[in-house]
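Here come two complexes built around chain A, the first alongside chain B, the second alongside chain C.
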Partner chain A sequence: MEQTTKSVNTKAIDFRYLLKYSGYFAFFIVALFFAIQSSTFLTPKNIINLLVQSSPLGIVACGMASVLIGGGNHVIRGGIDLSLGNNLALNVAVTAVLINGGSSFIAAFGIAFLCSVLIGIINAFAIVKLKIIPLLGTLSMMYLLQGIILLVSNNKVVSVNDPILIFIANNAFIGLPIPIWIFTFVGLIFYVVHHQSVFGNWVYAVGGNPLAARTAGINVSKALTLTYVMAAITAAIASILVTARLSGSVPGVGDIMLLDIMLAGLMSAIFSRLSVPNIPGAILSAIFVGMLSNGFTLINVPTYWVYAIKGALILAAVSITTAQQRRMIRNV
Partner chain B sequence: MLSRKALKKIISLPLLLSILLLSACTIGGPAKNTDAGESNKATAASSNGKGTGVVGIDGQPVPSLKGKKIGVAAIGTDHNFDRQAYQGQIDRIKELGGTPIAVDGERNDQKHIADIENLISQKPDAIIKMLGDTKVFTPVLKKVSDAKIPLFTVDHPSEYSIANHMSDNYLIGEALARKIFEDMDGEGKIAVFNGFYGTRVCAIRYDMLKYVAKDYPKIEFIEPELQDVIPGTVEDARKKTQDLLTKYPKKGDLKAIWAAWDSPSIGAALAVDAAGRSDIKVYGVDGDPAAIDMVEDPNSSFAADMAQVPYAIGQAAADSAARYLAGEKVPSSVYVDPVLVTKDNAKEKKKILFTK
Partner chain C sequence: MSKPIMKTTVQTGNWVKNGVDVTRYTTVIALIGVTILFSLISPSFFTATNIANIFSQSAILALVAIGLCFVVASGGIDLSVAVSFDLGAMTAIMALQAGMGWIPAILLGLLAGAIIGLFNGFFVVKLNITPFLVTLATLFIGESVQKIFTKGGEPIFLTGMDEMYKFLGRGSALLIYTADGGRIDFKFSIILAVVLAAVAYFILTRTIFGRQLFALGSQKEASYLSGVPVKRYTVYAFVLSGVICAFAGMVGSSVLAAYTPLSGRYYLMDAIGAVFIGSTLNRQGQANISGTLIGVLFFGVLANGLNLVGINFYWQSVARGLLIFLILGLNSYISQKS
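Let's turn to the complex of A and B:
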């Protein structure tokens, strides 16, 4: 018995060693491809461009990854937050409408931020206390928010001309535009919280096996609740960047972003040795998604191909994680 | 066994990506060329000394774009107008010997902004931007201007645009109004959909209708005016028209229905046809394929449509870019004449309107 386990392990080590790099490998190949095809791709200006474009998605992807880590990556019962896209959109709409109504940016965003956090708390309550499957709980929240957004914005473009938002959209600090700093800052905090802290261990334990985590004395409800609230906060932070970028609120932002947020969250798993969602993976996935659009434009190929590649990436991510889960069950 | 399987998986992801990337490059390339505009070529050859042989939509020769890269950023391609104008730009740039770098924002404003930024990175000789809310895109268009790339726009007024290209909405409003009032023999009731007076083009078309009506004192506008809505425009307009028909049940009580764009007119015509009220005629604006089909149908109450010619508008934008880059002066607004489509000419006008 001991011998069999050992032999499986040695082979598995090779596999995992390679697997650990499969996401990075794919990232590298695509980047290399674009770099060869276009001399502009690796210029600092284009890289900055790409990072600015990926910032809002990257920030929310961190939140989505947090929910996926805490909820476990089972496709149906696992953690997911479908309301993140519309949470962001509501935040954008509320901020824009309030600023247009005469509020200062701080007051407008403060209220919008509280709305977002409240949404996170309601999501967590539905999932942790009422035991609703996250997929359905957050799906209903998504539709609810869609309705509220239409009511708040009248489904119209709400333009704002706020000096703070203009500053965020157009200024740079030590050569890097402000959105990139915000992205870096949020990414670092999420990395430390999930990968360098006791809380991170809790969240991974809860996602891996909630029963075992509870037995080990971890407050499962608290950990899960925090993941949904943190995700909601990422939506609020990303909304500042979106509002600044669009100079206001535009109908349909949330629905459009949701699928990319899910893609980046799920795809983060292929950047990890154990094929579990993780923060660096989510960040790289968001940049990956931005890179596809950017690269194809640079090599003058219709960006419609991005969809095909996104589809392939989701398929790869889900099949690798599913295979990993099966193997873990077998090994247990 | 396990490691072989594992290896397969590891190899398959990058392999799949490489296949997709390679096929993207071989199959891809911006949308295919059409032969529209070719007809202009022959006549131009003699009059144009610069040798492209292409005559602009204004009848003047257009200089070559040889060796020039022109970014074409459309906000989306899901409406007929979008598709036609986008294709018009791409085809004309190729016809002039230039290379279009075409990007489709897929009706996603964030992507459209990113597309324009990505175009700026490539330092094209000019960028043509199409449609969209003016304020949302002001910052990114400022970036285009800061990068010293000449900017041209299609139906998008902007302080950074060298020339904006669109239909002459004054002419649209005026010519359609005259057609309607003449059809009505200068007297009778007309109902109008006026839900989007806040949108500038709708306001121009509506105001011109009212202005021309001053010459027809016996024309009476039904109050309150009907309000068209988005979304669900066609169905909503159909219901509102049904109610209107109940209110004016006698033949000759109501002679015409007007809307500033095609969707409400389509709904209205459906309701009128279903009620068998051949005494009422419906009019619209834009040249939506569904509307033109109804105009062509002799049994439909849709009597006439003032069609925009988006393909020509797209061509005009490319023409302006070529002229500007050749050092010629271009006007800040370029208007493209609309086409009045009636029962008599629908079949023939379709050939001009829908090149693809």
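Let's turn to the complex of A and C:
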């Protein structure tokens, strides 16, 4: 009798152990497919290229994930920051315009960075103090930023030629380009903050049940405020990489990035056993999105099709994982 | 048994007068305030001609927002309204081009919307994925499908469009020529929007389906346990949203006499804004048709008024964001005070 229960138990544990990684399986299957289809996909050069391409998205995805963690998973009242895309674009525009106006990179980026932090604080104020639902508060911030970007950049391409930006775009450190180092650095900080620190536990608690968190003595307002400010800061950091890669500011960057940022943030849940947003998941999702664009270009899929396949694959990955996770949670 | 809770006038300070909660009407007051302001600045704002313009321009956004209302009422969100809008228009225009009459063309367009709604509903209900992610993926897929069908995004122009189809967006419901040569043109699309709003209002507030939709929007578990067919109704909400937005797309294509790919995205954020601004007018913060229409009108008045006052296009977006922010902030500030 004892033996049978024991064997059932081990089986269940094995099962869970595998399912815990189903998100990763989806990731590897897609990578494998590209590797088989294209001989250049798995070359170190292409992998580095892919990582460089996905680093701005990955950095902002960390910020989005922290907002999603702190805001909880309610569809309408849950945490979300729609202003992140345009926050990034504003930074790009401000930096580019100021550098063209003659200021140094440090000064220009410093001002842009302060703008970002201010945006984060205003978002947090609206959501925490005024109790506007995040979706709506950050939506109006998005409108506001769209206008400010038009004013700042005059709706034109502003190209910059700054030595520091050129250095970031073109140089490598121990074999890896600078953007990847920045990506790694930001990713590590967010990982430690959210998954290895007390603050991270607070944020998860606030997202899970704000009332319970408050009763347990957590400063809910402070935790929420910090997530929005941190998200805004990621947008500022990612803006350096975008400015460096585009060597300037291009109108409409923010609106294009927004959907990908949302996607990477929300998709992070498939890399988690309990289906909650998390930082490693956000980073992997960003790389996943980048991998799809990169891979489809390599195997010569017409660009019209790329978004359709991207959407379908993402749906497939998410549905398989969610279905399995649900089965597993029921087992627990 | 406790006393029946018939007339619980919520005494929340001076703001409640005769049971009417003034705090909720910040948006209405702001709408009236903005209208008065524009009328004072620009003499051509508060004229019959211009008011007809505002209503006609808002009709399409109103249709999209009404569609979105159903999904938001059920506690979800639908980012694929943009795609329903586009694919509805595309299907109908292609059907017309193939020589079909206006009725089958419109039906096909509606069918396209319904399919998108079913697709969303399937993934949300059967696989329990968050509606945000599902409809985002649908948005990606749908935009790609449009590019495939239009060779990368070329508009399809319709020469010699069916008269009835043209009437959807371009026909006038009430056309008055004033003595001094002015033209007051209330478009037929206003009537479409008003009728649809009335029907949607009736469905949401007066039918069992509508009430249960709100119930599952606010308490999914509780409504499931009390016998609401949660899954079926969620799918219905998505299908309704798809169909109505597809219809909005057809009206839009009729106005332009062409189908322009990826034009639905333009309405997406405004529709979300309108529905959620509207939800501040409701005591429980639920999506509702009358509030949504006020939100839509607010967007319409702002766009039109800022143009007439002569404010730079770049400043318009700033002004819009700032105003929405202020209204929402004021709204929650007042309601927290009381």
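Here is the rule we go by: the second predicted complex is superposed on the first by the 286 of 332 C-alpha atoms of A that agree within 3 Å, B and C clash if a C-alpha of one lies under 4 Å from a C-alpha of the other, contacts with A are read in each partner's own complex, and residues count from 1 in each chain.
In the analysis below, contacts are C-beta pairs under 8 Å (C-beta built on N, C-alpha and C of every residue); 3 or more make two chains touch, one makes a residue touch a chain.
Note that this is a predicted model, so its numbers are computed, not measured.
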TODO: Could you look at A:L188 and tell me whether it touches chain B, chain C, both or neither (first, second, both, neither)?
DONE: neither
Task: Which superposed partner A:L32 touches (first chain B, second chain C, both, neither) - done: neither
Open item on the list: Per the contact definition in the header, classify A:L150: touching chain B only (first), chain C only (second), both, or neither.
Closed with: second
Task: Touched partner set for A:S319, first chain B, second chain C, both or neither - done: both
TODO: Have a look and say if chain B or chain C is in touch with more residues of chain A.
DONE: B
TODO: Scan A:A308 for contacts with chain B and chain C and give back first, second, both or neither.
DONE: both
- [ ] Considering only touches as defined above, state whether A:Q53 meets chain B (first), chain C (second), both or neither.
- [x] first
Open item on the list: Taking the superposition on A as described, I'd like to know which of chain B and chain C A:M141 touches: first, second, both or neither.
Closed with: second
TODO: Find the residues of chain A that appear in the contact set with chain B and again in the contact set with chain C.
DONE: 155, 303-305, 308-309, 312, 319, 323
TODO: Going by the contact rule at the top, pick out the chain A residues touching chain B in the complex.
DONE: 8, 11-12, 14-15, 18-19, 22, 25-26, 29-30, 33, 37-38, 40, 43, 45-46, 49, 52-53, 56, 155, 157, 159, 166, 169-170, 242, 245-248, 250, 252-253, 256-257, 270, 290, 293-294, 296-305, 308-309, 312-313, 316, 319-320, 323, 327
- [ ] Under the touch definition given earlier, write down the residues of chain C that touch chain A in their complex.
- [x] 72, 75-77, 123, 127-134, 136-141, 143-145, 147-148, 151-152, 269, 272-273, 276-277, 285, 313-322, 324-325, 328-329, 332-333, 336
- [ ] Provide the residue numbers of chain B that touch chain A in the complex, in ascending order.
- [x] 2-3, 6-7, 9-10, 12-14, 16-18, 20-21, 24-25, 28-31, 99, 101-104, 106-111, 113-115, 117-123, 133, 135-136, 138-139, 230
Open item on the list: Quick check on the complex: what are the chain A residues that touch chain C?
Closed with: 73, 75-76, 80, 126, 130-133, 135-137, 139-148, 150-151, 154-155, 259, 262-263, 266-267, 269, 303-312, 314-315, 318-319, 322-323, 326
